[in-house]
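In what comes next, subunit A is part of two complexes: it sits with subunit B in the first one and with subunit C in the second one.
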Partner chain A sequence: MGVLALSRLAAEAGGSGAPLVTLLGVLVSTGGLRILTKLGTRFPRESIVGYSTRLIGPWCAAVISGVMVLFFAALTALTAREFAEVVVTSVLTRTPVEVTTLTMLLLTALSSRANMTSFAYAHLFYLPFVMPGLLIVVLSTKNGDYLNLLPLIGNAPQVGSFVVGALAISALFQGAFIMAFVIPAMRQPEKAMRSVLWGIGVAGGLYLLIVLATVAVFGAEATREFLWPTLELARMTLLPGEVLERLDAAFLVVWVTAVFTTLYSTYNLTLRAARDLFRMEDHRPFALFLLPYIMLMAMLPTDVVHLYLVMRRRSRTGTIGLGAARGRTDDE
Partner chain B sequence: MNDALQQLQQQVADKLFLGHLRIIVVSEDFARQQGMEALSDFLVRHPEVRRTVWVVVSKGSASDLMQTAPPLERVPTVYLMSTLDHAKQLGKLPNDFFGMFVSKVAMRGREPILPYVEVMQKDNVNISGLVMFRRYRMAGTTARPFDIATYMLLSGVQPGGYTMMVQIPGHRETVMWQAYLRKRRITVRIENGRPHFTVRVHLDGNITEKSSEGVNLDDPRVLAAIDDAVGQKLRSNLDAFITLTKALHTEPVGFGEFVRARQPGYWDRYVQTKERWEALYPDVKIDFVITVRTHRVGMKAV
Partner chain C sequence: MTVWQRLFRRGGQRLSGAVAPEQWLEEHQHLAYDGHLDHAVNLLEDLLGVNDDLVIRSFRVFGQHPAVLVYFSNLVNREVINEQILWPLMQSQPSSENDRGRTRPHDAELTQRVMEEAIYYGEVHTEREYVKMVEALYRGEPLLLVAGASVGILLATRNVAQRSVEEPQTEQVIRGGRDGFTELLSTNITLLRYRLQTPNLRVKMVTIGRMTKTKIAVCYVEGIVQPALLKEVEDRLKAVDVDGIFDAGTLEQFIEDNHWSPFPQVQNTERPDKCAVSLLEGRVVILTDGTPFALIVPAVFAQFYQTPDDYSERPVMASLIRLVRIVALTFSLVFPSLYVSVIAFNPELIPTKFAVAVAGGRAGVPFPAVVEVLLMEVTMEVLREATLRVPQQVGGALSIVGVLVIGQAAVSAGFASPITVVVVALTTIGSFATPAYNAAVALRILRFLLTCLAGVFGLYGVMIGLILITHHMLSLRSFGVPYLSPIVPGDWQGTKDTWIRAPLWWMPKRPAHLQPANRRRVGDGTLRDVMQRPSHPLDPVHPRKGR
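Presenting the complex of A and B:
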C-alpha cells in the first residue's frame, strides 16, 4: 500500500503513537535491506537469483525465485490498481478503472525495456519530485496541534498491534528489494550499503514527516476514518495568500511520478527475476509478455474494499516470505 | 443528502459541481433533530467538496439566511462567506471550517463547534455565537456575545480581536480595552481520582477609548487597576462559559484531550470513551490563573 494510506495504517496500529509505529516500520525495513545489501556485496557480480542457486541449491532457489516473480508481479498489479482507484475516485470520475490501470502499466512496461543505467537515471530524475510532498507537510503544520501526537506511545498501547503496524509499514518498502538486482550493475558495489541507507533515510524520513503532519492536523481518530489521509492533508492545506485553496490536484500530479517510480521498480524486479530464473540474457522480451497477466491480476479485486483486503494479505505474506528468505540465505 | 442533490439535479440543466462550494448553511432545527452525521458523511465521501468549506448553523430557516445580502452585494453567498472570513481574520471567529469539525467530532476528548448565524433586520447577518455539539447533534449555543472570545481564549486561537468595556476601579469612568494576543497554557494533574486543570491565561491588549477626562491614563497605577479589572471580568466570563458547557454536558475546549495526551494512564484506565469523558466533565475542577497586560493607549497622551 502506498503513501496515501500510510497514515491510516499507522494510526490504526498505534493511535497517537502512529509516528512511532512508522519509525519502527522504517527500522524493520532498514534491517532487512541491510541483510540483503550485505549479501549482495558479497556476490557483487550476481543477482539474488544467481547466488541463491549457489547458496541453497538449484531446486530450492528456483522455487523461491518463482515465488518472487509471482509476488512482485502481484505487487505491481495491486499498486497499479490502487493508483487507478484513487484517480477514478478523486479526479477522473468518469474514466473506467481499466483505462487508468492499463495506461500506467503500459507506460511502465515500455520504459522497462530500458537498461539498468536508464533505470537508475530515471529514478534520479524523479527524486526532486519529493519536494512538493515536503511543502505540503510544512504548510499543513499551521493547522496542526502537537496535543494530537501525545502520548507518544498512543493510548492503551498494545505491543501486538504495534508490531503488526510496523510490519505493514515496512511492507511499503518492499520495492527496495530491487537493490538485489541493482548491485550487479553497480560500478562500485562496495558503496551499495551507503546508498541503501541514504535511500531509506530519505524515503523513511518523508514517510515519518507525513505521518507526523497528518496525525497532528486531524488527530489519530479522524485519520483512521479517511481512506487516504495523505490526500486529505493536501486538501486541507492552503498555499499562503490563498493562491491555491487546495493542494490535492498539485499533490496528485506529483504523486503520479511517485507511483510510476514504484511500478517501474517492482516491474523491473519481476522482469529481472524472471530473466535470471529462466537463465536468459535479456529481460526485455518479458516486458510486454508479462503485461497482460499483470493487467489481469490488477483487475481481479472486485472493489476498493476487496482491493485493500488483498493488499493487506499480500503485504503480510510478503513480509513473512521475504523475511524468511533473507534469514535463510543469510544463515548459509 | 445525496437524494436531495439528485432531486436538485433533476431540476437544473447543467451538471452540479460541488468543487466551488464555499459555505453550507444548516438550520438550527436540522442540527438539533437530524444532527450532522449524514451530512458530514456525505461531504467527507464526496471528492469535489473542499475541506475548507464553512458550515454554519442558522437561527431560523437556512434559506432566509442564504437569501440575505445588502442591496449592493451581487451574490448573497459571497457576502455570507466574506462575513465569516473577515470575522476570522479580525480574531472574532475561530477558524473552525468543515475539516476541523470532522477532526474534532472524531476526537475522544473534544467536541466540535460551528458558527451560529442569524438574520438581522435590514438585510444583514450577525454572527451571534457558537453552536456546541454532542457528537453530531447540536447541544446548545453560547449564551452571550463574549462567549466566542472566551472559547477562542481557552482554545488558544489567534489573533485576539474582541473589545471589552471595563470600569476603572475607584472611578466612574470606563475604558474600552481591546485584546490583540491571547495565550493559554493548560496543565492537568490527577487529584483524588479526578482530573484537576490549571489554565494559565494571558491577554495582551490596548486601550482604545476612555469615557471621559475624569481619569488620567498617564498613571501606571491606573493602568495596573485597569489590568486587574480586565482580569476580573475575564474570570467571570471564563467561569460562566465553563458552567454553561458543564450544564450542556459538552466539551468544546478539549480539556479531555489534555487528559488523554498528558495523563494517558488515567485516561486509559477510567475514561477511554467520549461518552464517559462527558459524564465526568461536570465534576472536574478547573482553576484559572489570569494575567493581563495593557501595552498601548493609542495616540493620545492622557
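Presenting the complex of A and C:
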C-alpha cells in the first residue's frame, strides 16, 4: 500500500539517489525476513508467539506478543486510513473518510474469518494484479528522462539520511511478517525461504521500478512535493488508443486489491497473534471483536499530514522494535 | 394355522381402519410367504385390493399346482406376461421322476423347476418377505406365488411410458453426439455403458425417498476415481432421508457443500458424452431415475463455461471461442456496474466526445444512472422469465412486445437513454453465452449486487464487490476441491484447459485437483508419434519417400 507514497519517501531521503535508497530498503527487509524465516523453519509447527515463549520465557514473550498485537492493529488501522484518504481525495470527493475506512475494514474483517488455506489462495489469486503497476511503469517510460536519475547516489549523499530512508522503505514490508504465522500452515516449511525470496523479489522489483519511473518522469525535487507521486504518475499516463481518457481513477481502483491484501495480511497477523497470545483455538471471534478498536485507531489522526507524521513515528519504532525482537530471539 | 388366523384378524382389523399399507408392512417386516396360497392372496387383497388395477390371476402351474400371478395391470408389459410367462407355465408338462406319486413336491424343487424350465424371461428373482414382494409389485414386477413353494417369484417386466432418445434441449452442440438422456434410468445407463465399454465402469444403485423409492445410480470408473471421493459421495447420498426425490436438482440440494452460495457446486448435464468424459477425468456421475439430468461431482467453476464443442473442434478455434465465452461471462457480471460508476462518478475516465454523447442521450432521463440501469435490468429479467414460461404459441407476440418495450419505446418515452439499452442488451447477451444456465443465473444475481454498490461507491464499490465475490469463490469447496481450481491453487496441467483449450496430446494427464488414482490418459509414445513429420505417400515430386 505504501507504494503511493513510496517515491516521496525515497526522494526525500536520497534525491536522485532515490532508487538506491529503495534498493537498500529492500535489502534491509530481505535481511530481516531471512532471519524471521530461518527462525520459522526451525520451529515449523509453531507460530512466533509459540516459540518465543520457549526461547525467552513466558513473561517476556507475552509482553512482546502483546506489543506485536497492538503494533499490527495500529498498522492495519493506519493503512486503512491512508487508503481511505487517497480514495476520498481523488475518487469519492464527497464521501466522508469514515465511510471509506469502515468499508475497507469491514471487508477485511469479514474476509479474515476464512482459514489459512483461503488466505493463501487469496494472495495467489491477486498476484496478477501487480500488472497495472507494471503497465503504468512501462507506459510512462516515454515521458521519462534518464538525466533525472543522475547522479545515481544523489547530489549531496548523506549516509544518515540514506539509512533513515532505507529503514522507512523497509517498513513498507512489515506486512510480510505474516510469514511467522504462515509457516506453521505450510505443507513443506523447508521451502519457505525460497518463497520469501521470490515474494521480496517481485514486490521489491516492482517498488524499484516505480521509484525509477517516478523520479525519471518528475525529477527528484518534484517527486518530493507530491503527496502521492505514484498516483501522479498514473495521472500522467495515457493508454495507447485513448480508450480511457485518464488512468488515475482506474489505477486506484485496481489498487484496491493491493491495499486489501496488505490489510488482509496485517489484520490476520493481529488476529492470529492475539489468538496465540490468549491460547485460543480459533482466531475468528477476534475478527469482529477487534474491528471497533481498529476503526477507532484509524480515526485518531486528524488529517493526512498528521496521519503521515504518526505513520513515520510508528514505522520507525516498528522497524527498530521488530529488529530488536528478531535479534533477541535469534541470539537466544 | 392359528397363528395365521390371528395374524389375519389383526391385519384385517387394522387394515379396515386407516392404517396405511406401508406402516402395516413395516410392523410385519419379517412376515414371509410359507406356501399357503389362500392366506397370501387374502393378505395381498387386504393390503392392496382397494386399487382397481390390481390383478390377481389364479391358474395351475403345469396343470397341477395351484398358483396366482399378481400384478398392477398398468405397470407391466402384458404381452410378455401372456406369452412368455403365463403360456408356458400353463402347459401341462410330464412330471419329473421324483414327483411321481407325491401329492406335494418339495417346495425348493418346484420353484427351481418353474424358474429353470417354464419361465421364458430373463430378469427373475425370488423374495420371501411380503415387504419386499409388495415393493417389487409397485416397481412393476409381477409376483408369481405357487402353492407349496416358500418363495415368491418376481419377474421384472416393467412397462412405463417412455420417450425416445432425443437431442438434449439445454445443451446443443455443433459437433458431437446428438443423443441425450431420457427419464428412464435404464436407458440412461445403457447410453453411458455404450460410451464406456470397459468393465471398470461401475454402476452402484441406491434407493432414496421413502415414498418415491427413487433409484439413484452412482457411476464411476474403477482405477481412475479417487476412492475417498467415491466414499464421500456414497456417505452424502446415504444421509438423505426424505419422502420424495423427483429430480436430480432436488438431490443436488441435499449433497452440495454450501447451500447459501449463488454458485452451483454440482454440474448437471443431459449429455451422456459429457458424463463419459467426466468419468474418465475421475469424477463421479449420479443418475436419478425419472429425470434426464445427470449430476457430476465434484464441479469447479471452469467447468461451467466449457462445452463439448471445445474438445471436438481444433485447439486454436476452440481456445478462441472459449476466450469469447469468458469475455461474455465477465461482461454479464460487471458491465452494468462499470457503466453506472463511470457515468455517475468518473465521467473523466471516458474520452470526452463519448462522454458528451452519453450526457446528451441521458438529457431527458429523470433518474440517476443506477436507478435507470436497475429498472432496465429488472425489465429485462422479467422479459426473460416471461419468455421462458409463456406457451410456445404466444411466444412470438411476447418477443415483439419485449423488443418494443426494451428498445425503441423506452428510449423515446424518456424512460432510459439509448446507451443504457445497449449496455443492458450486451449484458443479457453475455449471460446467454454462458453454457451452464445455473452459473449464468448466479452471475446475473451478483450483477445486481455490483450495480447497487456501484451506485453508492462508484468504481471503488465495484472493486469491493468483486473482492467479496472472489473471496466467496475462493472459500467455496465442492467435495473438498477448491472451487477455483486449477487457477487457485495453481496447477499447470489443469491451466491448459482453463483459459484456453490446449491440444489434446499436450494434456497427457488428468486434472490433478481430482486426485485420480491413475494420472496419465495419453500414452507415452503418442506425443512423439503425433509430432513426427508425416510421410507423404502422394507427394508429386518425391513419391513414396520418407518413413
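Details
In the analysis below, the second predicted complex is superposed on the first by the 330 of 332 C-alpha atoms of A that agree within 3 Å, B and C clash if a C-alpha of one lies under 4 Å from a C-alpha of the other, contacts with A are read in each partner's own complex, and residues count from 1 in each chain.
Please note the rule applied: a contact is a pair of C-beta atoms (placed from the backbone, for glycine too) under 8 Å apart; a residue touches a chain by one contact, two chains touch by 3 or more.
All values reported here derive from a predicted model rather than from experimental measurement.
Partners subunit B and subunit C fit side by side in the overlay (superposition on subunit A). Residue contacts after overlaying the shared chain place A:107 against subunit C, while subunit B stays out of touching range.
Once the two complexes are overlaid on the shared chain, A:201 sits clear of subunit B and of subunit C alike. When the two complexes are overlaid on their common chain A, residue A:236 makes contact with subunit B while staying clear of subunit C.
In the superposed model, A:225 makes contact with subunit B only, not with subunit C.
Once the two complexes are overlaid on the shared chain, A:95 sits against subunit C while remaining clear of subunit B. Touch criterion not met for A:31: it reaches neither subunit B nor subunit C.
Look at A:250: by the touch rule set out above, it reaches subunit C but stays clear of subunit B.
Residue contacts after overlaying the shared chain place A:151 against subunit B, while subunit C stays out of touching range.
With chain A as the common frame, subunit A serves as the apex of an angle whose CA-centre rays point to subunit B and subunit C; its value is 110 degrees, to a multiple of 10.
No C-alpha atom of subunit B lies closer than 5 Å to any C-alpha atom of subunit C in the overlay. Shared interface residues of subunit A (contacting subunit B in one complex, subunit C in the other): 91, 245-246.
Of all the residues in subunit B, the ones that touch subunit A in their complex are 44, 47, 50-52, 99-100, 102-108, 254, 257-258, 260-262, 264, 267-268, 272.
The residues of subunit A lying in touch with subunit B in their complex are 16, 89-91, 93, 143, 147-148, 150-151, 153, 155-156, 217-219, 221-222, 224-226, 232, 235-236, 238, 245-246.
Those residues of subunit C that touch subunit A in the complex are listed here as 345-346, 348-352, 355, 457-460, 462-464, 467-468, 470-471, 474-475, 482, 484, 487-490. The residues of subunit A lying in touch with subunit C in their complex are 87, 91-92, 95, 100, 103-104, 107, 110-111, 114, 118, 120-122, 124-125, 242-246, 249-250, 252-254, 256-257, 260.
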